[in-house]
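Some structures are shown below for you to check.
Next come two complexes, and both contain chain A; in the first it sits with chain B, in the second with chain C.
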Partner chain A sequence: MFKAKIDSTMLRECIESLTAIVDEGKFRLTESGLKLRAVDPANVAMVSFELQRDAFDLFQFAAEEASSEAESDSKAELELGLDFVKFLGILGIGGRDEIELELDENVQKLYTRMGSLAYTISLLDPSSLRKEPKVPELEFPVQVILETEVFRRTIRAAEKIGDHIVLGVDGEMFYMETEGEMDKLRLGLRKDQLILLTPGTVHSLYSLDFIVAMSKGMSHVENITLNLGKDYPLRLDFEVAEGKGKVSYLLAPRIENE
Partner chain B sequence: MGVNIREIVELRETNLGDLSGKIVAVDAYNTLYQFLSIIRQPDGTPLADSSGRTTSHLSGLIYRTTNLMEAGLKLVFVFDGKPSKLKADVIKARSERREAAMQKWEEAKVLFPKDAFKYAQASTRIDATIVADAKTLLTFMGIPYVQAPSEGEAQAAYMAQNGDAELVSSQDYDSLLFGAPITIRNLSSPRKKAKLELVELKALENTQGIIREELIDIAILVGTDFNEGIKGVGVKRARKLIKKHRCIENILKSEAAIDTSAGIENYRLVRELFLHPDVTESYDELKWGTPDAGKIKELLCEVHEFSEERVGKALEKVLIRERGQKSIEQWL
Partner chain C sequence: MQRLCITCKGSRLLCGRKTCPLLAGLKKRTEFAKLAETKEFFGPSTSVFVGWRGYPVVGVGPMTILEGKEYNAELGRLEDPSEWFAHGLGMEEIVELRSSSLRAKRGESVTSRTNFVSDMAELALAKQPVDVELTFKSKPSFNLSFSDVTRPTGASVTVEKMKVTENPKIPKQVESIVSDELRAVESAKGLYDLGLDVYKVAEILSAGTLGLHRDKKMVPTRWSITATDDLIFKKLATQLKEYPVIDAYYVYQSSYMDNHFQILLMPTSLEYENFEAWFPGSVWNDASFQRPVIVADYEGFKGRKQYAEEGGGYYAARLAVAEALHKMRRQAGVIVFREIHPSYFIPLGVWVVRETVRAAFGNSSEKFETKMAALKYIDSLLQAKTGLKLAIRDFEVQSVILRQKKLTDY
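What follows is the complex of A and B.
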């Protein structure tokens, strides 16, 4: 049993953070809220998402009683397979009202209501979706916290120039650098222009396609945390739903072979 | 086409992501047939360039196959050779059906546009040009192919048994009869949401106690591409008979109602064909290359007028690895 109410703008921002990486996926529903971990089809980027129950105005959850003894040790958890792109469209037509959600496990439908609009969503069969990926154990030597808008603006400019971008830290300076066939762009921010910076010397190259997609998933976020290494994956963390939700993107680097 | 034993096989759903890194032997004719029958305009006309050359198969190959490559699957296409003599009747019947459908389609286009697509699909045929086009495009895409001496599915199944492929991709269930350990259905479906189904020979044995030889006999009773089957015997009845008697010989001895005159005259030949099909052991070592974007664009965009942007995007997904893009898995 799952029944909930949540601000639809808040939910939309959460779903937008997912569609930056995947079109569809499965939420794990538990007493403490919603969780999801998914990778893009090419295994280049991963999203980890968590939304606490107190982000909801109403949150009722009870896992199905174990139907047989063999399943009695199964966790108190439900899987909810969802086409996020479609869901985003539905949230778009519903306007800014609060959204009510109710899951019917037996017929695998999610009933939604926004104001006077009712929309029944057929869920995706969880077994037809990818298994939840493992999380790599990573250690990042360097961390940078900056205003999202600065990052997004730079990405928007970089996108017009090339197809890859270097993110790095040189001493007490964080930089983003793109070089295309014609033009070159470099953003350098000193420690005092950032919210936080651990000094170091690292840099990695990333595909702009993915970073552009990610930057679209965090359009309403104030600050982002970048975790960086040398020729190493990027972990980009931020909070959603007024701090009651967490999103973490992981992106594998490009390594130039000479 | 093929044997209809869906009702008794064990299907297991899977998804693209879990197939990453797997080598898949693709029944090429079956796949091209799907592309040609499904990728059509609303009135049933296949996609074509301005000179009237059909391009549905090329569209399927470039867009669907790059999706599979992006997900990390390693494909090898297996093309049919000469059909078995036993198939002559089926081939004749099919070609008559196609002719009839072609006529109905022409009529329907004018009179019953709603039915046009259906008839158009039924009129699908694969000719030498289509096969040659497909082979050229595969070569440009860096995907290996194998020419089977006879049935492509048989060759694919042999390669899977041989350990050169992990899965056989086909919509038919014949590959099971040919001994493919695992068959995957809907892999080449251009319909994005078609569920991927795995059919394991071993699962059938474990859950129903039916081994491959028995499955072949069940198929023969029901009817295959090589024999008609017994009228009125469906797959469930056939399974019952085989479970009771284990083979057709025993059924003939003990079931008075069934004799060889009724569509299973050649059962020994058909069984032999499934058990020991005409396959070649001497195919080249399978090698996957880098897609040649220039040649692909020349063929598709310049010759056949595909959208440069869409082809570019499809190739981008595959070529991203070539430019040093790493996968998250490398840090697991």
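What follows is the complex of A and C.
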């Protein structure tokens, strides 16, 4: 049994952070909230997502024991397969009201209600969805925290110029650099212009397609944390739902031309 | 045939001779000489052609041939590139074959619903060539025309009147799909599923027979070919994405008229990259250039939104690959390496790409456990064929797929 109420704008922001990487996926519902981990079809980008139960105005969850004999005690968790793109569309129609959610496990439907609008969503069969990926073990030598808006603005400009972007730290300076056939763009921020910076010398090249998508998934976020290495994946973390939710993106780098 | 022929096309005698040997030979063999004096024609129409210049008012009409009746048995060959490929016809033979074609045209708006246009639609739907009677406005002019997308055409003439003199045989199932109120995409896939090849589907699309009634319009032949490649691919791709990923790395290859293909399948979800390496002296690379020019286009799992810069060849190869994967019931990451060597110096149409890639999957493949081993194999073939002029590295530096690391690498 799962029943909940949540601010629909807040939920929309959460779902937007997922559609940056995947179109569909499965939530794991537990006593403590909602979780998801999913990787894009090309195995290049991953999203890990967590929403605590206190982000909800109402959160009722009970693993059903009577439903079947065999799996009765392993059911402290429910899986909910959802087409996120479709779900975003529904949240778009519903406006800014609070949204009520109720799961019917037996028929695999999610009932939603926003004000006077009721919408029944057919869930995706969790077994038809990709398996939850393993998170690679990574150690990041450098961390940078900056205002999301600065990052997003730079990405918007970079997108017009080239296909990839370098993220790096040189001493006490964080930089983003992109080079196209014609133009070149570089953003350099000193330590005092950032919220936090671990000094070091690292840089990696990433596909802008993925970074652009990610930057769309964090439009309402104030700060983001970048974890970087040398020719290494990027981990980009931020909070959603007024600090009651966490999103973490992982992105594999591109091999640079010598 | 010389390189000059492509610019000259028999009209300027750039080779310095007094007459064009190509056309002279042709005129002797075909009925052209006789026809050049008359303003009437009776014979089979093998297909229809819709021009693109002046869109939306374009030259449209039936394609006919200048051969006498006794060549009827061979008519099919004139229009069917898979036959040309199967018989291993060379560049000259294809040009010769096609130069006996006569394109009869008349200016029509693509949305026009005149009797001429509806007659044309019937010709396109017909299973076999249909006899027509044409009255010309002027005498036919002979001018070979080549394109990177469409098949070469020979003479052309402005037509005043057309009379279809026999009942076109239109297969029942084709008739039923076309008369259903379906969007063009759905009907085209329906026709393809009936077993019609993309060439025929494109022709039917070009004749303006597909689409919802109010939207029906003719599509220039040039556009209809790539449009058909694209929409059939998209339909196949939604199925491919549900199939399991292939189990290892495979390299397929085939060559035709000095176009050499190597196709790499990789055990990842569907993505596609197409390389064309034009050698100095091939169609689109001047002989004075010292190095091959490599162009590349890519699309990920979600497909592409913008037209590929490479043009029709990208789409033709992509369809052929999708057909093969569909047969295997597998999805894969795909890289097509195409080398175009100097003796392919006349563009004959994208069918060359489509048929050669199709044929590659009929040949046996090499299987590899690692990407490195597969690339090394491709490299050895490249270098052997091109005398060290081209190596896998030249492609790697431009590749979206090969330069992107995976999270599973960590």
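Please note the rule applied: the second predicted complex is superposed on the first by the 248 of 258 C-alpha atoms of A that agree within 3 Å, B and C clash if a C-alpha of one lies under 4 Å from a C-alpha of the other, contacts with A are read in each partner's own complex, and residues count from 1 in each chain.
Please note the rule applied: a contact is a pair of C-beta atoms (placed from the backbone, for glycine too) under 8 Å apart; a residue touches a chain by one contact, two chains touch by 3 or more.
What you are looking at is a predicted structure, and each value in this text was computed from that prediction instead of being measured.
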- Query: On chain A, do chain B and chain C fit together or clash when superposed?
  - Reply: clash
- Message: If we overlay the two complexes on their shared chain A, which of chain B and chain C does A:Pro141 touch? Say first, second, both or neither.
- Response: neither
- Message: Contacts for A:Asp125 in the overlay, against chain B (first) and chain C (second): which applies, first, second, both or neither?
- Response: first
- Message: According to the stated criteria, A:Leu250 is in contact with first (chain B), second (chain C), both, or neither; which is it?
- Response: both
- Query: Which partner, chain B or chain C, touches the larger number of chain A residues?
  - Reply: B
- Check whether A:Ala42 is in contact with chain B, with chain C, with both or with neither, and answer first, second, both or neither. both
- Using the superposition on chain A described above, determine whether A:Pro133 touches chain B (first), chain C (second), both, or neither. both
- Would you find which stretch of chain B runs into chain C in the superposed arrangement, from 3-11, 129-137, 201-209 or 255-263? 129-137
- Message: Taking the stated contact definition, name every residue in chain A that is touched by chain B in one complex and by chain C in the other, in rising order.
- Response: 39, 41-46, 133, 136-138, 207, 209, 233, 250, 252-255, 257
- Item | chain B to chain A touching residues, read off their complex | 13-18, 20, 67, 70-72, 195-196, 316-317, 320-321, 323-332
- Item | chain A-touching residues of chain C, taken from the complex the two chains share | 241, 268-271, 300-301, 333, 397, 400, 403-410
- Item | Residue numbers on chain A that touch chain B, as the complex places them | 39, 41-46, 125, 127-131, 133-134, 136-138, 205, 207, 209, 233, 250, 252-257
- Item | chain C partner contacts - residues on chain A that touch it in the complex | 39-46, 133, 136-138, 163, 207, 209, 233, 250, 252-255, 257
